[in-house]
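Letters are used for the chains, namely A, B, C and D, taken in the order the chains are written, and counting of residues starts over at 1 for each.
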Amino acid sequence: MTLNHLDLYLPQFPDSQIFLTLYTNVTNASTIRSNLLSGNTKYSYAFLDPKSIVSISHVLAAVYRALTERAAGSMRTRTVNSEIVFSMSPSMSIGDGLKRFGSKDDSTSILVVRLFEDEDKCADVTQVLTALDEIVDGDRIPISDSAIEPLTDIEIVRKNYKIPKGVQLTNREEATKIISGALALRGYI
Amino acid sequence: MPSRIQVPEPERETIAIGLEGSANKLGVGIIRHFPRPNKNSHRPPAQILSNIRHTYITPPGEGFLPRDTAKHHRSYVVKLVQQALKQSGIPIDDIDCVCFTQGPGMGAPLQSVAIAARTISLMWDKPLVGVNHCVGHIEMGREITGATNPVVLYVSGGNTQVIAYSHQRYRIFGETLDIAVGNCLDRFARTLHIPNDPSPGYNIEQLARKGKHYVELPYTVKGMDVSMSGILAFIDGLANDIFGGKAKYADDGSEITREDLCFSLQETIFAMLVEITERAMAHVGSQQVLIVGGVGCNERLQEMMGIMARDRGGAVYATDERFCIDNGIMIAHAGLLAYETGYRTSLEDSVCTQRFRTDEVFLAWRND
Amino acid sequence: MNDDRKKAEDSEALPALPKYLSEALDLKLISQGAEALVYFSKAHPYLPATLSSDVIHNSPISPAGYILKFRPPKPYRHALLDAQLTKHRTLSEVRSLYKMMLAGVHVPMFVAVDPRQGLIWMENIDGPSLKKWIWGQEEEIEKKVSDEDSRLTMREQTVKPTLVAVGHEISKLHFMDMVHGDLTTSNLVLRRKDDGSLEPVIIDFGLSQQSTLPEDKAVDLYVLERAFISTHPMHAEEYITWLLEGYLAGFGQGKKTAKFKAREIMKKLEAVRLRGRKRSMVG
Amino acid sequence: MLDAAHKKIRVFTNHFTYSYFSQFCFYSFQIAVFRITEMSVLPNKLTLAIPFQNYRHASLAYKALSPDPLLKPDQFYMEMSVISQDSALVDDKHEEDIGATKLVVEFAGASDRVLRVGVNGFFESLGVIVECFNAFDGGVLESVVDGKPVVFE
């Protein structure tokens, strides 16, 4: 069992342990989606499509937004996991947001976010990863910015975040700044 | 040009009579100042010998017009002067100067009182002293409350200003960009046909106390200034809808009442005033706030200002209706302060001005 | 950035920062204005130090740390009004920061916002305020040369280029119809670049607004002139001319309406100088 | 054309009210111009000779009323002078009391209505002055308005 995930806490939300894992060569993306849609409780994760992700900071900006909305009691979606997926989106339409940023039936790589809170505090890391490996048929690889880079589709990112041609996105740090600003200001700009 | 003759600080008691009539309140006051016992001690508190007022009350739903207000002042001013003299027990000869409000305010009422002031000054052969209405409010507020160097919020029917002292002038930090707070409250009282006795503002305050639901109103602060006319237009519209049959409902389903509207108007306007006052306090590093002017009697405004001031480690100062509502004693007090530094107003210069900015007055009696 | 540190620490009546914030991070209060408390924080709002830099090498980390601007609840205001104002003001400041970043104006990078709590996280700008930097330059020049002419030439070599750059930065702000609202020599900071050069950055957009009126932009410049006169009375004339030189030179980068807009603003500035911004303001 | 000139002068003098010297010279220049044109231009005229017990009251009334400027001199114009019993023009230098003296006021109005309103205004102001004389020069101290005793707050 290789521990190549990330787990961390955000300063403002000390009671929420955040787990990030990255899978490639995924073969059962459609099964995952159908289980998710049918509300199977074993699938209480946020499954993100790496094509629209430029960096880990980009994902955590969405997680931060989701947690602040929940703290204020103004989540737009039913669960915190769906709120994380929706918080990746710069626009207000929930359906469109979940469709664009959630994993697809044909996704071959998935970034999974798991929150551990209150009673189901993460007892043992290996147990969590084993459960996750059972759900996702694919290779769990060490999650990092460099691992994400090859999975990103810059054109999809430009389309999803409506970034004009003039603004070049080759510099990932600049891209992250622009994108995390946009999702933080969703509904306000 | 008002003249200033060189005079040493007086060693004896000085007495002044003050006449105020810039708006619908006619006031006459007589005050006595005592000299400082020695060089570095403070001057003992002034003695109020008389401070009487007669208010021109208009029927509900009506404001006061300059012509009618001046007519009221003309018919009562001499009697008030007589009454004040009688009450003070001071022989006319003991009075050192006759002070009057030179502005700002309504033209005709100011002039009607100025004519009386000129006449008695000529008859008694006592010098005339023109006083700025706002400086009168500030100096009286400082005298009564003991606040040494406060930021002053001057809120009345005709004025809304945030003022701080600097280099012998009262500088205006922020002000209304259109109508004054008192004017806004009075005009909304007319919309609701609230009686004007004792004052529309007072009656709005009583209704506001029974208000339960906060109705969202435009909040228009621009830097250090505030704008009221937008709020008035908005809430007038609301009131006309509600009393025109189109009821409005709070989120708990109950109907919005007159009390709710008065409550929301006060909460919004007073929050704006406290905000620009706090900004001025932060800017000049002061922790004292003095509220003067008719609206200063409003206890909710005093309460809100007090909470802000305490949060900044300071305190709020306010006076009761004897002083915060327009009165004659404040004109006598500020006039006497100027008189004691040699300030005199010649007959030619005793013309009243509707536009008399607070920062035009040179405060010779202050050198802190 | 920390001019008011002394004043802030003296006043004991501090409105409470949300408990979870003050405990989780070691925040240092920098200044307490009328509306907001400004803290310095080493920690990033959602990139904890546990993440090693090579794992997140593409994330916009600020080596100089972060500024947390907190608009505390104002107990004197009705709770509903207070919540509405805090959220509205927090968002309008953040929108300004974001729009200007996209337009290439040097402003602190906006990192995160929690509108209901009135929290804005942004990058901290490492470098002296324009006010402090100029005082430093003047002192150095006075030590090096004694006669006024050579002092002037030295100022032209060091102070002038910086002020021209500052003027240019402000022109970008105004050309995109954004008005700062509180332009002072403390709200202009000089960021030390890796090559040692100084780059002007505009900070504190608490009173900023969208406005197309030349009058509002002229008042912005007039407030800055007043600030120069009060903090650098000796050479205020000179500094203001250099600053306006930079302002006009690059105004609108030659775009179509640039010339006209610049001329309008200068005409209004003349009027505002005469009128004294409608009333006398101290400092 | 003449009216426009007056307006310019009127506005011009306002600018200079604060500097004493310029006020004095423009004021006198203004009077000269008005004296020639104003009285003749305004068609409706009225002259009143208001009797006073003594010179002191007449000159006091004159002094108390003179500072206030005419709001629209091209519409309503008035000019006061203090005339003694034997109708010689009295000026301040005559200190001793000459006994019954008149305050002569020449009014001129652009229309009969303007003249009436102006004269009424004049008398309303004069009323206050006379009330002061009664109150403080041996007049009665108590006061009654429209038959009701006056109540003060």
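Quick notes
To be clear about the criterion, a contact is a pair of C-beta atoms (placed from the backbone, for glycine too) under 8 Å apart; a residue touches a chain by one contact, two chains touch by 3 or more.
All figures in this text were calculated on a predicted structure; none of them were measured in a lab.
With centres defined as mean CA coordinates, subunit D is found 32 Å away from subunit B.
Averaged C-alpha coordinates give centres for subunit A and subunit D that are 87 Å from one another. For the pair subunit A and subunit C, the distance between mean C-alpha positions equals 35 Å.
A separation of 60 Å divides the Cα centre of subunit C from that of subunit D.
Under the contact definition stated at the top, not a single residue of subunit A touches 2 or more other chains.
Taken residue by residue, subunit B touches two or more other chains at no position, since every residue touches fewer. Residues of subunit D found to touch two or more other chains are absent. Taken chain by chain, the contacts run in an open path, each chain touching the next and the two ends left apart.
Here the chains touching each other pair up as A-C, B-C, B-D. Listed in rising order, the residues of subunit B touching subunit D in the complex are 1, 52-55, 70-71, 74-83, 86, 92, 111-112, 114-116, 118-120, 122-124, 347-351. Taken in their complex, subunit C has these residues touching subunit A: 20-21, 24-25, 43, 45-48, 50-51, 54-60, 91, 94-95, 98, 101-102, 109-117. Residues of subunit D that touch subunit B in their complex: 18-20, 60-61, 63-69, 124-125, 127-129, 131-133, 135-137, 141, 143, 145, 150, 152-153.
By the touch rule above, subunit B contacts subunit C in their complex via residues 164, 166, 169, 171-173, 175, 214, 216, 219, 223-224, 267-268, 271, 274-275, 278-279, 281-285, 303-305, 307-308, 310-313, 357, 359.
Those residues of subunit C that touch subunit B in the complex are listed here as 7, 11-13, 15, 32-35, 74-78, 80-81, 84-85, 181-182, 207, 279-283.
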